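Please go over the structures that come below.
Each of the next two complexes has chain A plus one more chain, namely chain B in the first and chain C in the second.
Right, the complex of A and B next:
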């Protein structure tokens, strides 16, 4: 038991070292940029999956990315706060809006909830377009300041290069994933599962269902807004088209393709889909065709997502070699 | 001023009926198969291009190309239902992802074949009628009449025919319908045929007014969803009412306030309706 736990820690450590060394290993072809975007989107996709734990598919997720991005941009460019304050404040803005909205809309279930959030995100994005004198609309906002660390009279370090941003994103991404892991495997996570699988039963057992849904929604939107803030400062450019239906479907696809019942599903999904779209990027107008076809095939053949493959293969393996199964039953 | 309003009202009628045709297809698929069909906009677009190809490239007569386009798209819908959607069953999320993936594939296919440029479609009728100072182009008048006939035919079909009754039975309870000797898969196929054919019909009707492009499906899709929700999910009468509310809102809003604001108001309205009256204007209580 302790030995297997030890080996688990060793593997995690090796993985961490590999992640630390990635910028040294890859250079050129914009690969690091793709990896940075993967880290950004992992935070948002994990947050989406966290909300989906309660059985609600939040289709306003891209709108919350926009909330994070625009509030952070506003705070840093108009108010003049440093990035290190903008980031948590953007997260809190997203959480606050989610909290207020959650009490109202989380009473609605199933496809109705989906449509409510579609409507919310359409209203929100179109309002951003409408107030284009403030938000820049389609033209967007350029030259969003990059974060920097200043020690007075000594030096200033600016996160200008992709490599420096890689480490910043890595830290925030790992921290977010660890926090979400703790949340989903703790008391809240158990309650969320109960709420999704049998909300009536949970309610009769004394769980305040709506309250726990709001908690999940608020937490998820907090991390999404964080990711939006990082996006704004990393890319240095945002406009209203960035956070449209395509971004939303990109996140949802990642969760479904990766496997929404698995904690690491969204990570696998984001890595696969982002690499896929990078790989087909040179195909120009054929790109959506290839991407869409692969998507449909994955859903048709692995409806539980790519993360379910190992257990699926195990089942197949056992069917091929029934002897092992017999010996196993004989043993115990 | 009265003439202006009358003029807007005529345009509203055209706009509303096209929304209704799209929303009806979405509603049929939602109520019978429990799927929010995101490929509906792309199917509408495909209908427009099929019609364009038959009419302008193959040079077939107008009515033949129109009817052929509608039938071809309907049959395509049957194939889609049989080989793709049936395999997924009634899992909302998977169906959503697959239909959106399908929309991506179709859009990109058309872009590759016809290029992304907007294309014009030849109209059959030209000329206008002037009555009481209101100018109506014959084309729009034809759209109003044909669309109204189609909606009426669908009403008759669902209310009076045996197949329509079977469709309503499957909507209420799939298993019980099966026990009564109805083949739900056949009904799903039929319903997808009708939905796709209606989308294609809408595209054929409006093609000569708007030019066609690969991304033309998104706006009707969102408007169809809006009309469907305004009227009440799963209600066919509701679609008609919702389509007209949306049409009035968009056309009067665009003329009197601003097109963007009219859209914002429409979406804000469905947000409020879903929160306070989820069954919509005409919806029945469903539990």
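Right, the complex of A and C next:
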């Protein structure tokens, strides 16, 4: 193992330990709740970015959060399955719907795809309202069971506290991020990028473009539905407003502000967005205004997102450096 | 042996007949030139053979098997690969990455394997990297390996297009105006390179505006005009063909 690679592993290990210790460091003030929501949303935002790698902006992303949340709630409360089965089944439900839908709608490109997904998400939310006898409609569903681990005749552990949920979310989030990392940094990621750059050229080189898009869409929606399921069991309450426009804008905002061309962009975006909304929580009515202003500023001044700032500063630094050298020689 | 056989091909866009009853064939190892004035239907013929359009009538056979109705990617899998005009390559990807995409058919990695990783995946990636580097070397692009393809000089961008196509190990390569916009020195170099590829055993169908380039390198030439084949034969015969001269001079021969 090379030296730089070794130090990389050391840093990752340190980061992991810090993440493990967070619940001990922060207690009270609802900070842990904010961090938990950050972990949840990181999964969904990274999944959205994975789909956007193929050049498709999925505006039905919040609808897939809803699919995960409602299917998991249904399986848990009506069918009586344990959470540990509901979670993967919710993900698979999302993946299955995305798979079926993808073969049809991913033939459509650019702004038209965006519009189709807007329509899909609107129809979907209306349907949830329509079937309010099952979904609870506006009133929603309360007391969604928390996950628990039971060893018969010995003990039962219930994930009731924020701390216990923290570790559950950490594990699922890290696993999702690692899987998405592996996919995006290799054959699949490169091919997805090629599909976005020039789909016809890729197709003529033997890439089955539609298949690659559908698999990106399905994978993204799988993780999103997973995140939706976690949301339902964590918050214990969902209604049809939970997964509306505001949620969708939040995810899109995080990806764009964070930096859509960077793997870690959505993480930065979600952390910024959630911390910000916590900071201005006492004046909630101004939140959309704050978001809008930030979005405009980011798009104006660093359209590649916050993640592009380090390389931007480096370029600026390089531009400044020669000037200084010239002035130094002039003085000397 | 007939490598590609086109029979009675027809393509209609609404009321416009772009290709009308086109039949021709390409022998294995041959270099066939396809020429014709603007709007003659050359690009349409290209898109029909490579599966980007489906024909209104007629059929395309490759190595004796019908390939009409297959996807472009399936047709690439059979061994027919095309190049594109400049603007449409992978602009924000490096030259090496672009050629790696060209090697897609060999370098495909199964979804679950990609997640699991392991030595078989690494071995395949290593194979593809080696192959891509070989192609870059062959096309004289090694020095530009890490450059973004949008920053490549014009002439080299054309080479990259051919390099991407070579990645798929084609038996038949369709070249879409490979020397347009080049000066005569560049044209000479590029045509020598293409002839070299042809000598390696890759059959070539070449669409080109530059008459001299086509005449000096192609074994046979096919002339399209208004979607119809008006002449086919050796370069020497084509330049003297009355119909061809008339098509290119737009009926001026009659006036004179």
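Quick note on the criterion: the second predicted complex is superposed on the first by the 320 of 332 C-alpha atoms of A that agree within 3 Å, B and C clash if a C-alpha of one lies under 4 Å from a C-alpha of the other, contacts with A are read in each partner's own complex, and residues count from 1 in each chain.
Note that a residue touches a chain if its C-beta (ideal position, glycine included) is under 8 Å from a C-beta of that chain, and two chains touch if they have at least 3 such contacts.
Because the structure is a prediction, the values reported are computed rather than measured.
Under the clash rule set out above, the superposition-derived model of chain A with chain B and chain C shows the two partners fitting side by side.
Using the contact criterion defined above for the overlaid structures, shared-chain residue A:207 touches chain C, although it does not reach chain B.
In the overlay built on the shared chain, the residue A:30 is in contact with neither chain B nor chain C. Contact with neither chain B nor chain C is seen for A:100 once the two complexes are overlaid on the shared chain. Centred on chain A, the angle reaching out to chain B and chain C in the chain A superposition, using CA centres, is 80 degrees in steps of 10. More residues of chain A are in touch with B than with the other of chain B and chain C.
Shortest separation of chain B and chain C in the overlay equals 12 Å (C-alpha atoms, whole Å). Across the superposed pair, chain B and chain C touch chain A at no common residue. Of all residues in chain A, only 57, 104-105, 108, 110-112, 114-116, 118-120, 122-123, 126-127, 129-130, 245, 249, 252-253, 256-257, 260, 285-289, 291-293, 295-296, 299-300, 303 touch chain B in the complex they form. Across the complex, chain B meets chain A through its residues 30, 36, 84, 87-88, 91-94, 96-98, 100-105, 107-109, 111-112, 116, 218, 222, 225, 229, 233, 260-261, 263-264, 267-268, 270-271, 274-275, 278.
Residues 50, 52, 71-74, 76-77, 81-82, 84, 88-93, 97-98, 100-102, 104-105, 107-109, 111, 114-115, 117, 121, 125, 164-165, 167-168 of chain C are the ones that touch chain A when the two sit in their complex. Contact residues of chain A toward chain C in the complex are 179, 182-183, 186-188, 190-191, 193-194, 197-198, 200-209, 215.
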